[in-house]
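The chains carry the letters A, B, C, D, E and F, assigned in the order they are written, with residues numbered from 1 in each.
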Amino acid sequence: MRPSGRQPDELRRIALTCHYTKHAEGSVLVEFGDTRVICTASVEERVPPFLKGKGSGWITAEYGMLPRSTHERMNREATKGRQGGRTMEIQRLIGRSLRAALDLEALGERTVTIDCDVIQADGGTRTASITGGFVALSLAVRHLLQQKRLKANPIHGQIASVSVGIYKGIPVLDLDYQEDCEAETDMNVVMNDAGAYVEVQGTAEGHAFRRSELNAMLDLAGHGIDQLLLRQRDALENGGCP
Amino acid sequence: MRPSGRQPDELRRIALTCHYTKHAEGSVLVEFGDTRVICTASVEERVPPFLKGKGSGWITAEYGMLPRSTHERMNREATKGRQGGRTMEIQRLIGRSLRAALDLEALGERTVTIDCDVIQADGGTRTASITGGFVALSLAVRHLLQQKRLKANPIHGQIASVSVGIYKGIPVLDLDYQEDCEAETDMNVVMNDAGAYVEVQGTAEGHAFRRSELNAMLDLAGHGIDQLLLRQRDALENGGCP
Amino acid sequence: MRPSGRQPDELRRIALTCHYTKHAEGSVLVEFGDTRVICTASVEERVPPFLKGKGSGWITAEYGMLPRSTHERMNREATKGRQGGRTMEIQRLIGRSLRAALDLEALGERTVTIDCDVIQADGGTRTASITGGFVALSLAVRHLLQQKRLKANPIHGQIASVSVGIYKGIPVLDLDYQEDCEAETDMNVVMNDAGAYVEVQGTAEGHAFRRSELNAMLDLAGHGIDQLLLRQRDALENGGCP
Amino acid sequence: MRPSGRQPDELRRIALTCHYTKHAEGSVLVEFGDTRVICTASVEERVPPFLKGKGSGWITAEYGMLPRSTHERMNREATKGRQGGRTMEIQRLIGRSLRAALDLEALGERTVTIDCDVIQADGGTRTASITGGFVALSLAVRHLLQQKRLKANPIHGQIASVSVGIYKGIPVLDLDYQEDCEAETDMNVVMNDAGAYVEVQGTAEGHAFRRSELNAMLDLAGHGIDQLLLRQRDALENGGCP
Amino acid sequence: MRPSGRQPDELRRIALTCHYTKHAEGSVLVEFGDTRVICTASVEERVPPFLKGKGSGWITAEYGMLPRSTHERMNREATKGRQGGRTMEIQRLIGRSLRAALDLEALGERTVTIDCDVIQADGGTRTASITGGFVALSLAVRHLLQQKRLKANPIHGQIASVSVGIYKGIPVLDLDYQEDCEAETDMNVVMNDAGAYVEVQGTAEGHAFRRSELNAMLDLAGHGIDQLLLRQRDALENGGCP
Amino acid sequence: MRPSGRQPDELRRIALTCHYTKHAEGSVLVEFGDTRVICTASVEERVPPFLKGKGSGWITAEYGMLPRSTHERMNREATKGRQGGRTMEIQRLIGRSLRAALDLEALGERTVTIDCDVIQADGGTRTASITGGFVALSLAVRHLLQQKRLKANPIHGQIASVSVGIYKGIPVLDLDYQEDCEAETDMNVVMNDAGAYVEVQGTAEGHAFRRSELNAMLDLAGHGIDQLLLRQRDALENGGCP
């Protein structure tokens, strides 16, 4: 019934390629099916003005799409002279989600910027960005630990994200672009490895959704995130992240 | 226990003053306690380029805060030369929420712009904007009906919004600024008069929230929105909205 | 003969509602007939770079119009990404006028920003802003005196402003929007309570004006400003400004 | 008594060099002492959107200063990404003043843009721009008449401008930069050749000015403008403007 | 002697991976050693205003770098609100170079936009962009031919580009980042397959270069471009471009 | 054969008028035929952030065109809110070229900004800007030496620039606008007084150029630059630059 032939509770092929680029302290190519996002984590030994002298670090995120990552070419935001509302909304979401993964004081007075650049878009770019961004952040922290710039690991939990929705009346997991366009409801869920929610953002596209539908979507999301957390650990601990 | 002395499930004083300004097709001053927002609905006989010739109307929203609507003076966005991410996120939310209230094709090829300008902020400006914005939209549609520019009412449902959160471990309804600053979780809920969800946006500020907490917050939101829907009807139907 | 039925030398209904919003050090809603402007005075303990270390304070003004304060909805300047020439011209005029009201050295190294936001426009928004801005500034100075952050009152004079013009060949006082559109000449006059001029800005819209017409307009302006100064004192000294 | 040794009612050396650049339909270098401004008039066969199809032409002005036209180098507005308030105020003044010189309907559906670029600034750049701008406009109209693109001359009056002020207590004509910095009052006056006022903009810099001072300044301005009108005619009619 | 151990006339490893992304009409990943650029060619059935109705097509290029494609993270141009001078210079160079490859009239009234996005930078991003951009353009033209939207191939020549420079006194080919930083002279050469020059841009970084050095660099460039042209043909004709 | 009747190796009339404006430390009006550019050199006792505390000075350039310096009026970049790519490319070229003229360390921690403003354009504005900019820079350095703010002259060589091209198949020197529009190849060459190259920028406009054509153009450029260097020395040493 799904365009891709997947089961309602089936994720797309998930791939996390660590060390995808060489300059960043942490970098990963994350793929959710045909959605491909380069996530890099860059460490700078300074904090934004509002945190100066407060003994706390900062995690921030930026998000961008290559102009032809999409079906139709989009204008480049650098050319338009401003980031659009969707871009800002997504990068604020990624930043908030990843800040929930670690103890900012334990990070020390430094900033880690997570850049999520979409090479190819096929739905779910923000959930892929959060899931990949966590891996890039972990690699950067590992780098700081190896360099002895950090004594203890400030990361206290794992964060992953997936989308769920109501497609042709049925709750489905990890929507691709085609499903996303036709879905009546679209929800992005960010959870930690303790099974608690960091963000829940549900939007009725066509008709408003009932409490029972909300519950069914949350069940699916929990199921998907369990698998994503596993893939992250595999990538970080074994050769899965070569 | 709440700074204001309210019960956990108690709304602030809600007031809707219709026809607050004279030029707009619909206008209302909405007050959620000390939060005061002017909502105006402006009708223009044209649609944005992506809708031209498609027989559909459009609802869009813009949001702004007066520089000294807040504790500390904020810089004016017009001076900074760009709207911030928070502003864009809020105006996108208001627009999506109000589009769920009516049949865009029945509106005809015209645009209604809902401007929500915060005169005084004390928490909950986006939920007040949606709740007041619905009333302004309804007044503008009533104006179009009276002028016979519309034959039938395109509004097919009522929309209201309220915030809920976990404050000192307890789920509470309609957070004011002081509660909002200290809340561990903050959720904005938009519902219609059929009891279904249009938007659910929950964010863990301090610690991630559990499924049971999510459920308690949704119960509170439903309770608050029932009262807001009543206030809207009262304002629109009786002298409540003079 | 005037659309409103007023006499040529008759002001509109003038109202000054002090403490209109709660966060600002000084705030007032000023009404010149249907023209309504919120004026707030915000105190910050710093001066712009060009005054640093010079022992002088600063008064600056910003001006904005709500998008639907006017007959037709205007685009929001924050959306356009820049303030228009008219806005800049007006806020420069308000700032210069109010700086003439006080001794900047006696203010100390702090900045008072006067925000004038037009809620509803019906002609004369700049003169209302200056007249109301003076009251907001006075309230903020009173607040600083009460807090003992100032030892002596730096305000050495009162400032008010009114428009005059030639409407259908006759000099008239305090033009509303309809008169303003049709006026052959429009002049904004700012005076102090010693009867001297702080600003005189006269513009021929249709035909150039003669010296005798200029004199007649200045007479009317003096007459109107006398009344406005009275209303300001009443608002500040008695319960007129509750 | 004046730094330049001039009499209170004495203009600086005035020079108008016509056809200063070769591409523009009208161009002139105007000099008020050391203040030097290139004024060009460019004709385009279209009108701004708000005038389309209304059978009327348009005159608009733009104003700029070379970065090192001033004592200290200023940042280039093109680099800063926006025109400042002073620039906007001045170009609006020039445009309004020159529109008073001609019948816009008789101009036909075309736009004349007057560019005033300050090569060297020594006070009075806006009055020099208006005075020179009128000559550039006249040359462009003469060009249109010669090309038979216009049948009749739409210019119905002559426009010139000069500054006056109170310098060390004495009313003086045509202030240079040094006087301008120290003047207690500064007034720019635009008049036509019928002796009527197009713009009067007086600003108290130090202390507010009395009615008698205003009158003395207006007398001086009329005296100066008479001479400027003569210089314009000389430039346009005789070889003065080679 | 070269940091990489290469011979003075030796290119880095060159790779061209065709169809690197799925949405664009033409796409390629080009690698010059560690420099990696995604080039996409997007076809749109319209031309810029200056070409409307002239029977000619257009090729334009845009260039961007991912924020962490470089050693230190750069600020995102979309965040800064403007493209820098270097970016503009490079994208103008790419556009001019590729327009020399084909007959714009034979392309018909359509625009091909070449987006060159640097994933990883190690010197020579502009020469890699031109070399890869030609392949992306060729793939897009092939797509148009296959879809019968073009009857004949408008490409009349092959275009490739390489950098040359004087490094430690010796002319070298295809500089990597380390060489580029220390080079006394840096030259980018764009040539066609007839051995003629499309662009020659030589810059003395340290000391000015003599005619004999210029000649030696041009010889090296010709040698390198011959190999690049071969690699392009291989990629387009054989499985080299899978 | 050339539209101007010049020989292929003939420069236009070259004029350098020193001290053209009075405020700048160095200023010159440079004329290459009808191309007229005001070059000013402004000295500031600070360096950009990247040079702070490094004991080195800086030379930077900015370039602008008056809106009606050209055949058709161009929009003002300050109005558009950004400098175009061509402007940025040219000012980067001027800055790089002039930095090659002097020892930045010997300049001390100060910045010289060269502003090149085109009053009238007729081809070759960038080469005139470099040639005139060198004279303005020399005058500013002379000023610093006279004021004893510099002990020794940091200028170690002379820099001039000229354009060459292939016009109707024949290599020509110093193209005017008409030739520039029709030229098949356009090359800008910057050289020092030791006969070495600082910049070589050749662009095929119509057909790619061969090595022999490149050589012929370089010969012409060398010939022209010899004369320009002579004119610069004459202007700086004799009364040529009054």
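What we mean here is this: contacts are C-beta pairs under 8 Å (C-beta built on N, C-alpha and C of every residue); 3 or more make two chains touch, one makes a residue touch a chain.
Chain by chain, the UniProt names read as follows: A, B, C, D, E, F = Ribonuclease PH.
These numbers were taken from a predicted model, which means no experiment stands behind them.
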Handout entry: Shortest walk length in steps over touching chains, chain C through to chain F
Key = 2
Practice task
Name, by label, each chain that touches both members of the pair chain D and chain F.
Solution key: none
Exercise for the section: Walk from chain D over to chain E along touching chains and report the minimum step count. Expected result: 2
Practice task
Would you kindly say which chain has the C-alpha centre located farthest from the C-alpha centre of chain C?
Solution key: E
Completion exercise
Expressed in whole Å, how far the mean CA point of chain A lies from that of chain B is 28
Practice task
Round to the nearest whole Å and give the separation of the Cα centres of chain B and chain C.
Solution key: 33
Exercise for the section: Go ahead and note the Å separation of the Cα centroids belonging to chain B and chain E. Expected result: 51
Problem - Contacts with two or more other chains, residues of chain D listed in rising order - result: 81-82
Problem - Neighbour-by-neighbour ring order, given that chain A leads and chain E comes next - result: A, E, F, D, C, B
Fill in the blank from the handout: The residues of chain A that touch chain E in their complex are 21-24, 27, 34, 36, 38, 40, 42, 44, 62, 64, 66-71, 73, 76-83, 87, 113, 115, 117, 119-120
Exercise for the section: Mind listing the chain E positions that touch chain F in their complex? Expected result: 82, 84-86, 88-89, 91-92, 96, 100, 157, 187, 191-192, 194-204, 207-211, 214, 218
